[in-house]
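Here it is: the structure, laid out below.
We call the chains A, B, C and D, going by the order they appear; numbering starts again at 1 in every chain.
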Amino acid sequence: MVGTPVLFIAIPLLAAFLIPLLGFVWKESVRILPGLVLLYLLYLAVNLMGQVAHSGTIVEVIAGWAPPWGINLVFSPLTGLLTTLMILMGFIIWIYSYRFKNIDFREAVKYFILLLMMITGSVGIVLTGDIFNQFVFIEITSISAYALTAFYKGRDSAEASFKYLIIGSLSSMFLLLAIVLIYSQLGTLNMADIADKAHLMKPGFKILALIFFITGLGIEAEIFPLNGWTPDAYAQAPGPVGAAFSGIVVKAGVYAMIRVIFTLFDVSGTHQFLIIIGMITLIIAEMAAVKQDRLKRMLAYSSIGQMGLVIVAFGIGTEEGVFAALFLMLNHAIIKSLLFLSGSYLVYNSTEKYIHETDGLAKHLPITSFLFALGAIAIVGMPPFAGFWSKWSILSAAAHSNMILVIVLILSVSIIELVYYFRVVNRIYFFPKQKEVEPKRPTINALIAMSILGILILVIGFYPDSVTGYLHSASQSLLEKGKYIQDVLSTGQLFIQ
Amino acid sequence: MEFKLFDLSIVEYAFFITAVLIILIGLYGALVKKTLIKIVIGLSVLDAGINLLLISVGYVKSGTAPIFSPALIKDMPLTLENIKKLSEGMVDPVPQALVLTAIVIGFGVTAVALSLVIRLYRHHHTLNIDEIKNLKW
Amino acid sequence: MNMIYIVFIVLLGGALLTFFANRISGLLRDTFFLLTILATTVLFFTKIHIGDTVSFTLAGLNLKWGLDAFGWYFSLIVLGLGTMAAFYALSYMKGKDRLGYFYFSFLISILSMLGILMSHDLVSFFIFWEVMTWSSYLIVIYSGRNVQKNGINYILLSALGAYAMLTAIVMVYANIHTLSISEMINTYPQFSHVQQVWLPVLFLMAFSVKAAMMPLHVWAPGAYSDAPMAYTSVFSGALSKMGIYGMVIVFVSMISYLPDDTLFKETFAWLGAITAILGTLWAIAQDDARKLLAYSSIAQLGYIITGVAVGTDLAMLSALFLAALHALFKGTLFMAVGAIERQTGTVKFTEVTGLIRKMPWTFIASLLAIIALAGIPPLGGFVGKWMLYESLINSNHYILVIAIFFASTAAFLYCYKFLFGFFLGQEEKEWENVKEAPALMVLPMLILAAGTLVLGTFPGILLKPADAAMQTLGYASTEGHLWSMSILFNEWGDQVLLRPLVYAIAGTFLFFLIILTVKGWKNTRYVSTKDISSSGEVPLEYENLTFSVNFYQPFLRAVGPVMKKRMIYYYREFGSGMEALFDYSRRIYNGNGQTYAIYVMIFLVIILLFKNSIFG
Amino acid sequence: MKKILVLSLLAVFGVYLLEVLFKIDFGHQFFLHGVKDFYLTTSPDKMGVANVVTAIVVNFRGFDTLGEVTVLFLATTAMSSILYKGRHQLGERAVLFSSSRIVMTGSKLLFPAIILLGAYVFIHGHLTPGGGFQGGVIIATGFLLMLLSYEDYKVSHVALSLVESLAGITFASVGLLGFLNGGTFLQNFLPTGGLNNLISGGVIPIIYIAVGFKVGAELTGLIYTALNEKD
């Protein structure tokens, strides 16, 4: 027994509380501790994934009260997969930002606490089996995200953060309203219990709660038109944080929404709604991305578009569709993080982050540019890189459901995507360098982090079977609603004196 | 239907109506007011409205606070039946616990919002949200 | 381990080694590059036999690779031209930077083409197709010229085609739950009518892009002329043939099952012919040799498409023959242009003249290639064109014959322009010190040019494998009567009637050539090309008065109306219209946080108002 | 224009929300299998906690509270991070108004009482209304009073973060101790004692005291950081 899922929350929290204390004793520990924690959690996650594959979903009870009375954590193939992904991305981002704020110790303390908490919050969103608890974790994630967005002084980061905060507050309002409606009807907050009893709700409640959930969680999942905050926040946050947003936070938001739609309520029409809304998100975002003149903003819009695609894939609703969606999430996490991480070195010494400032940097930053190009070519779905397989799986899922229009739209949008990514790559490689730009060489730890991501892209691209098995069992576990309810509610009552 | 000045059903739902009104006022403040501080106030009002709604959902008519105080128990032996009997007259404790959490979270968000307002003022020297849009498109 | 894997591993490993060896030393890199391509060629032709297959499972999909006679025929083109181009490249690319990158992309594109030819399932076909796209894209943008224009045009149209194909592939997969190409072909007659029509359309879209068929050709002039010439020979000679390869399969195995297949065939035959005519006209108008050859490639591919679309056995045979031949002579010509570019630094007819004595071997290779291109006996081009005409007449496409004939006659004009502009005419002082290109560049050219000569005389060499290829496509074996299909051949595949005539023509031609050259050597008075009378007009100083300026002005004036607007103009208009739309659409994000919050409320209210119709 | 739009949006939203809320039978909870009854009976019966809300907050839904404490912790971190000006520019205390001697003396007198009240509230969290959060807030008001009345009142940042961290660590460690004791995270491992005794309810008072310290320190820190913002 290596541990249980609750350690994913408890240990980082303990570490976060410890970091300021350790800072008094040994400054370097502030940087090392989060990495150690994440490394341990990665080890734990991988172990638990093996355990789950072997003996089924782990339901962990907290404070000794069996669900639905106590809060429980569910480590199923699905949540386990996402947790592992998030912890992995978190670890890579930690490697990347190990030397972040090297000079100013006090800022580093805050950065690492907030980053660790953002990761923990996202993991909590995924693991928890209780809607109110999920709300709390969403708030933990959001508050860390607000602070990290506004982390850089002397830029417009506070503006971005404030926009995020306004919309984030609306999000929490809708979530609470939905919780109120559910509680007033069922008197329970446990997801499995709600799913079990959802048919007891009076008409009207269910749909209104669902609408509030979709609106509230849609804000976290970057659905159009709820995503006004996204490009600003991505563009203004420090590079690793942007990577964490697209690799970790959004994934948690999408998961929460999907959990609500697939497990909590079974309302007909939701899937079509998801497809339509995802499609609109995808199209608008990719259209907006074409004309961006700032690199990170472009990446942000692209990230929104990809999330739209993920939502479309979930909307298809078949096992294949869910598989495609999860595959997309995985690939997007890896590739978009790579783009953010390498992209932020390409525009390192610039405040405005214009794309034309990356002109001709390939000569000065060969590895960074190469990795950026690799990410660009992978995210547009060129084989044999990772992005192709997810694109293939979503298209074939759509084809199996006879959604030709969806296929055509996805592919047309892919062409748009291809144009703006290749334009940037061309600039990096073939344009004359701007004189006033001073390229910043990536530190060794940043290079390691980016290379890991690059290698992952190649590995998944050449040997997709390395992940498809996990993805298949994860998608099955999402679709088996009855099993989820049974797994959670059959956990024995444990009050031990 | 006979019109009554104090329609009982309306009075019964006064909590809900008030809560929703507070929510709407808060939203109005957040969506229309131009000053950052007023927007933050709007968001806080919004929180308050939701908390009120949450707590009124848990209300049980003429219920007492969910505390087994000595005054309530008196000399009753604490058997399960007695506890059950006592608990029937109590309001639902769960929303109260939730509200406690929600208040704290709302407080945290407000604190962050206010500090952002300070930063924005420092940077833009204005509190008008219409003038703070360097980031767009 | 199966030899098929080994070939791919050799290519991929070689490409990577070449890439990394660049860091160590140039010699090592060149060695790896050459060894890789040679090893591949040798392994491929000695160890892989027609009928070999391997299959494996990846991501839950059954993939199958193998070689059939049809693929083998095209691999002959790919590897033959590829090897020659590789030798040529060693010398041509010497001294340029980013060579690791170039050689890597070169090898990967060879790999992808072999992969396409050996794919027996749709997914690996698509994967290799896309790998081919990006590897060739990498080379198109290698020079760094016009990357945002030509490079993006290329990748954009390629993606358009590739995604059309992907749509078709997923449709097939959803329908028959298998990815095998032969399975798709077998079950095709049972598909629904809509799919029966759409599948070929989508596939053909992908293939027409690569085969540069109008109106999807707009990428070709830019891409062909921007890539280094060492690769353009492969690009135009072999890579575009992948489009033809796919087209042949679609036409033979799908369209012929359609009830109204004639409509398809006629349309494509005509598109091919129009491509040929317009390509030729545009080629005539070019002053840049690379552009001229690029348009000429488009035109030549037009003939081939027509042949494929007409689809009788003779037409198909001629298309396959022309495909191989085009690889030979267009490879030579692009290499020749590359040699001239390397030696003189320019490829404009208006700048370079009279290179015949400076670069005689290049001239001879170009001459042979041009003759083959123009379809003059005794070279191979004549055989192919003859067969094409004959098949068109036999299948009653009289107007098509006229169109094709017009195109190939007009092709003389640009052929002549090419020869005259570069090699003939007066020598300029400016080019006095030009030397012949290095042997490593000249030899591949000469070998390829000699190939056209050999094929003109002994077309059977190529007709035999072409016939085997056609048998795998389901054409009846023509072993017995193939050689008598055309009045041109005897049983040995040799030309019967024309051989003496051919030799006579060639002999006369050579004789006069020698006489004229020798005579001209003695008697010509050399003046600067700028020193010509201008009928009373005083030319401005910057006016270029070389004879190549406005070479075919009267002709172009005559055909002017057809060429007023280039296709790319409409694409550009469409593109800028879309960009304006995109620019407009992003204004939704107007920067005001409050507006975003109002969006949230609008979203909510819309769902609330329509909740009954959304959530049934 | 914008106002009309917003008002109509809000009207639709309000109507739809109220329409559903009116279906709730106010004051009668009709659901049968809710979790509330279990809490109401188990809390006094098995846990020895008189205040059921406290039992829920700290034990049944203790995980929420851990998150909540984290939110506060993050809010202070976020605030100091957002308002941080850089290593060399330390903030200066803002002086809102200078207070009279009476106010100063009065505050000084009130301060211990306020702190005591706060402590009382969180120590008796499991018996009476109130608890760690309420007590913490009361303590913070004491510091607020001092900060307002004395221009040069200083709170040690080090002490604040020490208290904050230690309290947080206590909470998380108590949770982990339950875990290490063979139970689950946050599970009670101490004897529960009798109902309505001060020392009862197992780990609940410990956690609530920690929460009280933490909230007090954090709110004080928040106020102090905000006060140090002078432009």
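Here, a contact is a pair of C-beta atoms (placed from the backbone, for glycine too) under 8 Å apart; a residue touches a chain by one contact, two chains touch by 3 or more.
This one's a predicted model, so the numbers in the text were calculated from it and none came from an experiment.
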**Study point:** Each chain counted as touching subunit C and subunit D at once
**Key:** A, B
Check your understanding: Which chain's mean C-alpha position is nearest the mean C-alpha position of the whole protein set?
Key -> A
Revision key, fill the gap. The pair out of A-D and B-C sharing more C-beta contacts is A-D
Exercise for review: Report, in whole Å, the distance between the mean C-alpha point of subunit A and the mean C-alpha point of subunit D.
Suggested key: 30
Practice item. Please report how many Å separate the Cα centroid of subunit B from that of subunit C, as a whole number. Key: 71
Point to revise | Cα-centroid distance, subunit A relative to subunit C, in whole angstrom | key: 44
Review point. Using the average of all C-alpha atoms in each chain as its centre, how far is it in Å between subunit A and subunit B?
Key: 30
Practice item. Would you please write down the residue numbers of subunit B that are in contact with two or more other chains? Key: 23, 27, 30-32, 39, 53, 57-58, 92, 94, 98, 101, 105, 108-109, 112, 116, 119, 132-135, 137
Practice item. Could you list the positions in subunit A whose residues touch two or more of the other chains? Key: 132, 136, 139, 143, 146-147, 150, 153, 158-159, 161-163, 166, 170, 177, 184, 187, 189, 208, 231, 288, 291-292
Study note, to complete from the structure: So subunit C residues touching two or more other chains come to 586, 589, 593-594, 597-598, 601-602, 604, 608
Review point. Considering only which chains touch which, how would you classify the arrangement: line, ring, star, complete or other?
Key: complete
Check your understanding: Which of the residues in subunit B come into contact with subunit D in the complex?
Key -> 12-13, 15-17, 20-21, 23-24, 27-28, 31-32, 53, 56-61, 65-70, 73, 78, 80, 83-84, 87, 90, 92-94, 96-98, 100-101, 103-105, 107-109, 111-112, 114-116, 118-119, 121-122
Point to revise | Of all residues in subunit B, those that touch subunit A in their complex | key: 23, 30, 36, 39, 43, 46-47, 50, 53-54, 57-58, 92, 94-95, 98, 101-102, 105, 108-109, 112-113, 116-117, 119-120, 123-124, 132-135, 137
Exercise for review: Name, in rising order, each residue of subunit A that touches subunit C in their complex.
Suggested key: 159, 162-163, 166-167, 170, 174, 207-208, 210-211, 214-215, 218-219, 225-226, 228-229, 231, 267-270, 272-273, 284, 287-288, 290-292, 301, 377, 382-384, 388-389, 392-393, 395-396, 398-400, 402, 404, 407-408, 411-412, 414-416, 418-419, 422-423, 426-427, 429-430, 463-465, 468
**Study point:** Residues on subunit C engaged by subunit A in the complex (per definition of touch)
**Key:** 57-60, 123, 126-127, 130-131, 133-134, 137, 141, 144, 147-148, 151-152, 155-156, 159-160, 163-164, 166-167, 170-171, 173-174, 579, 581-583, 585-586, 588-589, 593-597, 599-604, 607-608, 611, 614-616
Exercise for review: Can you check the complex and tell me which residues of subunit C touch subunit D?
Suggested key: 598, 601-602, 604-605, 608-609
